[in-house]
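Naming follows writing order (A, B, C and D), and every chain is counted from residue 1.
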Amino acid sequence: MTSSPFPILIVIVPLISAFFIPIIGWWKRNLCYPLVILSLFFCTLFSILTLNAVIQNGTIHYYLGGWHPPWGIEYVVDHLNAFVLAIISFTSFFVAIYSKKSVEQELPDKIVFFYAVYLLLVTGLLGIIATGDMFNLYVFLEIASLAAYALIAIGEDGAPLASFRYVIMGTIGACFYLLGVGYLYIVTGSLNMADLSELLPKLYHSKVVLVAFTFFMVGIALKMALFPLHTWLLDAYTYAPSTVSALIAPTMTKVGAYVMIRVMFTVFKPDFSISLFPITSILGWLAVAAILFGSIMALAQSDLKRMLCFVIVAEIGYIAIGVGIANRMALIGAILHIVNDVFMMACLFLVVGAIVYKTGTRNIYQLRYLHRKLPLTMAIFVIGALSVVGIPPLCGFFSKWYLILGAFEAGKWVFVAVLLVSSLLNAILFFRVIENIYLEPREPSYAHDGGGPEAISIDEAPLSMLIPMFVIGAGIILLGVFSGKIIDVVIQHTIPPTI
Amino acid sequence: MEFIVCKYNYWIYIVLMMIGFYAIIGKKNLVKKLVGMNIFQTALILYFVSTAAKKGATIPIVSHGHGATEHAIHAAQYVNPLPHVLMLTAIVVMVSTFGVALALIIMIYRRYKTLEEDEILKATK
Amino acid sequence: MIAQFEDVIIQTLCRLLIPFIQLFALYVIAHGHHSPGGGFQGGCILGASFILLCVAYDMEEAKRRMSEKLNVIFCCLGVIIFGGIGVVCLILGANYLDYGILHKLLPVNIPEARSLGILGIEIGVGFTVMAAMISIFLNLASSGEHEETLR
Amino acid sequence: MEGVYSISPLLAMLASLIGAFLILFTGEKNRNLREFWTILASVITFSIICSMIPIILNGKIIEYTIVNICPGVYLQFRVDAFGMIFATLASGLWIAVSIYSIGYMRGLKEHAQTRYFFCFAIAIFGAVGAALSANLLTLYMFYEILTISTFPLVAHKESPDAIKAGRKYLAYLLTGAAFVLFSIGLTYYLTGSLDFVAGGFVEGHGSKNLLRLLFFTFMIGFGSKAAIMPIHEWLPSAMIAPSPVSALLHAVAVVKAGVFCCLRVIHYVFGPNVLSDLGVWLILAYFVSFTVIMANIIALTQDNLKRRLAFSTINNLSIIILGAALLSADAIKGSMIHIPFHGFMKITLFLCAGSIYVKTHKESISEMDGIGRQMPFTMGAFTIGALGLTGIPPVCGFISKWFLCLGAIEAKQIIFLCVFLISALLDAAYFFPIIYTAFFKKPVDINPHFDEAPILVVAPIVVTATFSIIFFIFPDAFLNFFKMATMATQNILGIG
């Protein structure tokens, strides 16, 4: 049976290009960058076409090698997949465009391998999302993680150690996931997600299934850096090269969140994950801890990138809180937040990369007068920051809105309070930075001389950095304004019908 | 008692896994941590392979051509190949993880001239 | 890191053994699709033969026979062969890695096309595994300096 | 009520938004062009909004839907009489304040003027958007835009004090916004709808106690912007901002938006029936009465002119909310027309304060001896505004206060009648000394000759002061504030 080849092409295009790059790199090193751009462009194109096809005709199944499930590996692209695929490939495309100058500056002699591993990482991420097979998911998870370890390790001083810790934690997470797969396999004899979801309901009271589910949740929580298991994230993302953080920070953890939603609501049915086992309430409270911890710890940071890493911990908490509340509104919020967060984090980390590229510092207190030097970059930073704070027309607000509605519906007032408090904490967080950038405190006596450090003139980041930042920034606004449309067309189909 | 003895393979894998886990958490030397990680992963492989074990069964290959006399055709006659295949893939993944981790350790060693975690932390402070 | 001494017995034995090891590796690769063996195991053996060369002589000798550049190219080539065969299937109108469709290209019937397709895959896997083995060994043995010569 | 589908509300919004970005991109290099954009945008916005007045007066409602936000909630504009009052006020005074700002900013050679004009335009965008919103979520969106865009204006001076004031401003308003968001979420959860309905839509949803909670979280949220007493502290601090900004904060956009939102909640979310049923109106009324009196007493003690005006603003805002909370027809009408009338009078006062600052760099009342002789136009306008706020007849403040008092009597609440009267007395007690100081005290320095601020500064002051008087004689002049307030009141109370 042949069907639309897009699901496999999305994964295969970056994979093969990844291995062409070293070969081409030796021949002509300058060709690497165009090749990466080209392949990711096709990747984005295919994933958008897939999304379109899914919206029009429903779920796409693709059987690798023509083997039908449950024997062969199946790629299933439904609304949730297609949407996340489009977002991730879109982001990685623009981060790749952005990477040129930054990589030339930070890693001048590793360009060839950088791009090869970059594409491998994208392959892994897209594979995780596209596949419909539990074990295949594990393989892609490890491909993505391995590429991430390598990319993080080439960062600045503390990077190798941070990366090593990430290796240890990530491997444990992956092993737990694999154990979960093993347990499910011995009770059902299947690895296919759709097949499993049909076989499992009869076994819901088996302890083995319960243990498998627990292993899944712990493993995935490690990979997505949910609160008590987030420690690897901070150092790793802080010390990674700018481009790498800009790619990994938005995507990796969000893909983890996607896997969690997939396992909880596709492989296991909602009536198992919600009613038979108190996992949702555990998740909810962990998420509360994550949000508060992340936001408060972020306040204590003077390194902009590290602060954003704590913000990621909090943002993951948002997604987890939505899954933890587990009603329709909250899930819409959680899935919307996956998308929004990819954009917001990409935007902020890209801006940080541009700041580092231009000034070489990430210290919040050394950013003064930067709005004179990098006016556009800073404007985009403000957009991203306000979105994280949750100012309405920007996308960050809408996911928060749905989460709050969901929490109301579930009668979980504490969650509502936490969501609101966290947006206040975020406001403190980002306005502290904005204030440092934009306001130029001076002695009152100089208040009216109309002067200031006029010597600082505009010295914007190069165009190859500005365009991606601009696109992502515009994306934040558009995602916000059209969030209702997105939910109508895509997200509402991703919610399991029994919720 | 029967619970323990009859499922000895699971117990072994759990014990191995915990040894590995202990090494990851308890040891300060990075290489020992790595070894712990490997034990952890190996325990997993053992677990998978042992689930597929079957007494008196043969390999799931239909020999042909070279005058084969016996085929294992019924499922009871051969061991389940799938866990082995999965583990083959998992081993590759684990070897690559191991390789990456070793490369990282070399980088760390070059930078700090030590592999003891507390000394590294002291050096970075 | 490897001690720089030369032992005539070891070196001679290795010189005798290595061709046979490599031949055996090729056999394992070539028979992977219908008997125990395959690209993975064969690739490992092939890689091991080079590692043996390194151990018996020194790394320079091994690098002379298998330069790093060539090694990386082999590594990439393997994956490209693998993926390429899949893409060829895709182009011919079947699913990815559905080798049966290769009968359109090759003068064989469908089952044989399947068999040949898998053989192609095994060869690709063999290349990559061999290159990866050598690369890991060289990296570790040179405590990471190997990669610096790659630029 | 009949709805008309028209793109005008969107056009009005776009005019100010595009204007803002034109200002930003023109930048410091071409100042005249930049300020031309400001004026152009304000005039266009104002004229588009005015073009909608006749339709509203015909008893119709203008609607325009942009996009669906979540089930049952649209990003939507719906222009009714009450929204129209605020929209005309905000956009109309924008013209005056922009002209004044040009004079003020150039007069003082302020820094970062582009940022100033940009944020100003965005703030007006937010205020007009809030006025035209059809539902709570749209309202919240513009409310937040307004909050954020005002922050750089408050901290404009960038002195440590100004930055502190900016932080305080954000802390109060964003906390308030969190309360608002909570309330909006709860409203949606209880009713499944967020659309404003004259007379309220929460009736019959949720338990009484839950509705009481909802009402108070709403009031805390929007009250933070309307500076009701325990949460008013940011407003006097924000006086550190340039005078046109203070005018914006106090008369045009920010606090008025807070009051506007409060009134929207009182009359278009809850409605008089529910409120009297719940009994919360009385609590709110006592609360704001306290604010009315306290603010005036504190104002008496202030020497800084702008701080004194700030407390006067707190007082007037609470008067508006008190009127709305009394739930009687005249009180509602009075409070609604007090929004624009107070706007015109207060803007006059603030612009006067700014004008004095431009010319003499004086901020304290005690330094202003005899300043009226030096700046007769400014101080004349100041006198008109002060008389108006006290409620003395030839100025429009009398009309709104008259209706408020009538409303208190109608509601049979003599206490609140007393509150109105005492507050008027106290108004007199702190405004008249200023007038006395300005005109009758001997100037300290010996140059009492005529020396006015630049024409661009004085002209808007004279215009707004003139309008304050015109509105007394013809409350319906030009913009039909009175008719619209009457219409809105009738809709709320379900009469006619």
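Definition applied: a contact is a pair of C-beta atoms (placed from the backbone, for glycine too) under 8 Å apart; a residue touches a chain by one contact, two chains touch by 3 or more.
Not measured: the values here are computed from a predicted model.
K.L.:
Hopping along touching chains only, can you work out the least number of steps from chain B to chain D?
P.N.:
2
K.L.:
If you count the C-beta pairs in contact for each pair of chains, which pair comes out on top?
P.N.:
Counting C-beta pairs in contact per chain pair, the top pair is A-D.
K.L.:
When you average C-alpha coordinates per chain, which one falls nearest the overall C-alpha average? Tell me, please.
P.N.:
A
K.L.:
Per the centroid of Cα atoms for each chain, what is the distance between chain A and chain D, given in Å?
P.N.:
Roughly 42 Å, centre to centre.
K.L.:
Based only on mean CA positions, could you tell me how far chain A sits from chain B in angstrom?
P.N.:
30
K.L.:
What whole-Å value do you get for the distance between chain A and chain C if each is reduced to the mean of its CA atoms?
P.N.:
Their C-alpha centroids are separated by 36 Å.
K.L.:
Whole-Å distance, chain B centre to chain C centre, using C-alpha means?
P.N.:
24
K.L.:
Scan chain B for residues touching two or more other chains and write them down.
P.N.:
Touching at least two other chains: 96, 103, 107.
K.L.:
Give the residues of chain A touching no fewer than two other chains, as numbers and ranges.
P.N.:
none
K.L.:
All pairs of touching chains?
P.N.:
Per the contact definition above, the touching pairs are A-B, A-C, A-D, B-C.
K.L.:
Inside the complex, what are the residues of chain C that reach chain A?
P.N.:
69, 72-73, 75-77, 79-80, 83-84, 86-87, 90, 93-100, 151
K.L.:
Any idea which chain A residues touch chain B in the complex?
P.N.:
The touching residues are 135, 138-139, 142, 145-146, 149-150, 153, 157-158, 160-161, 163-164, 167-168, 171-172, 174-175, 178-179, 182, 185-186, 191.
K.L.:
Which residues of chain A touch chain C in the complex?
P.N.:
Residue list for chain A touching chain C: 1-3, 5, 8-9, 12, 15-16, 19-20, 22-23, 26, 62-66, 109.
K.L.:
Please name which positions on chain B make contact with chain C in the complex.
P.N.:
Spelled out, the residues of chain B in touch with chain C are 59, 61, 63-65, 88, 92, 95-96, 99, 102-103, 106-107, 109-110.
K.L.:
State the interface residues of chain D toward chain A in the complex, per the touch definition above.
P.N.:
Against chain A, the touching part of chain D is residues 66-70, 73-75, 108-112, 115, 137, 140-142, 144-145, 148, 151-152, 155, 157-161, 163, 166-167, 170-171, 174-175, 178-179, 181-182, 185-186, 188-189.
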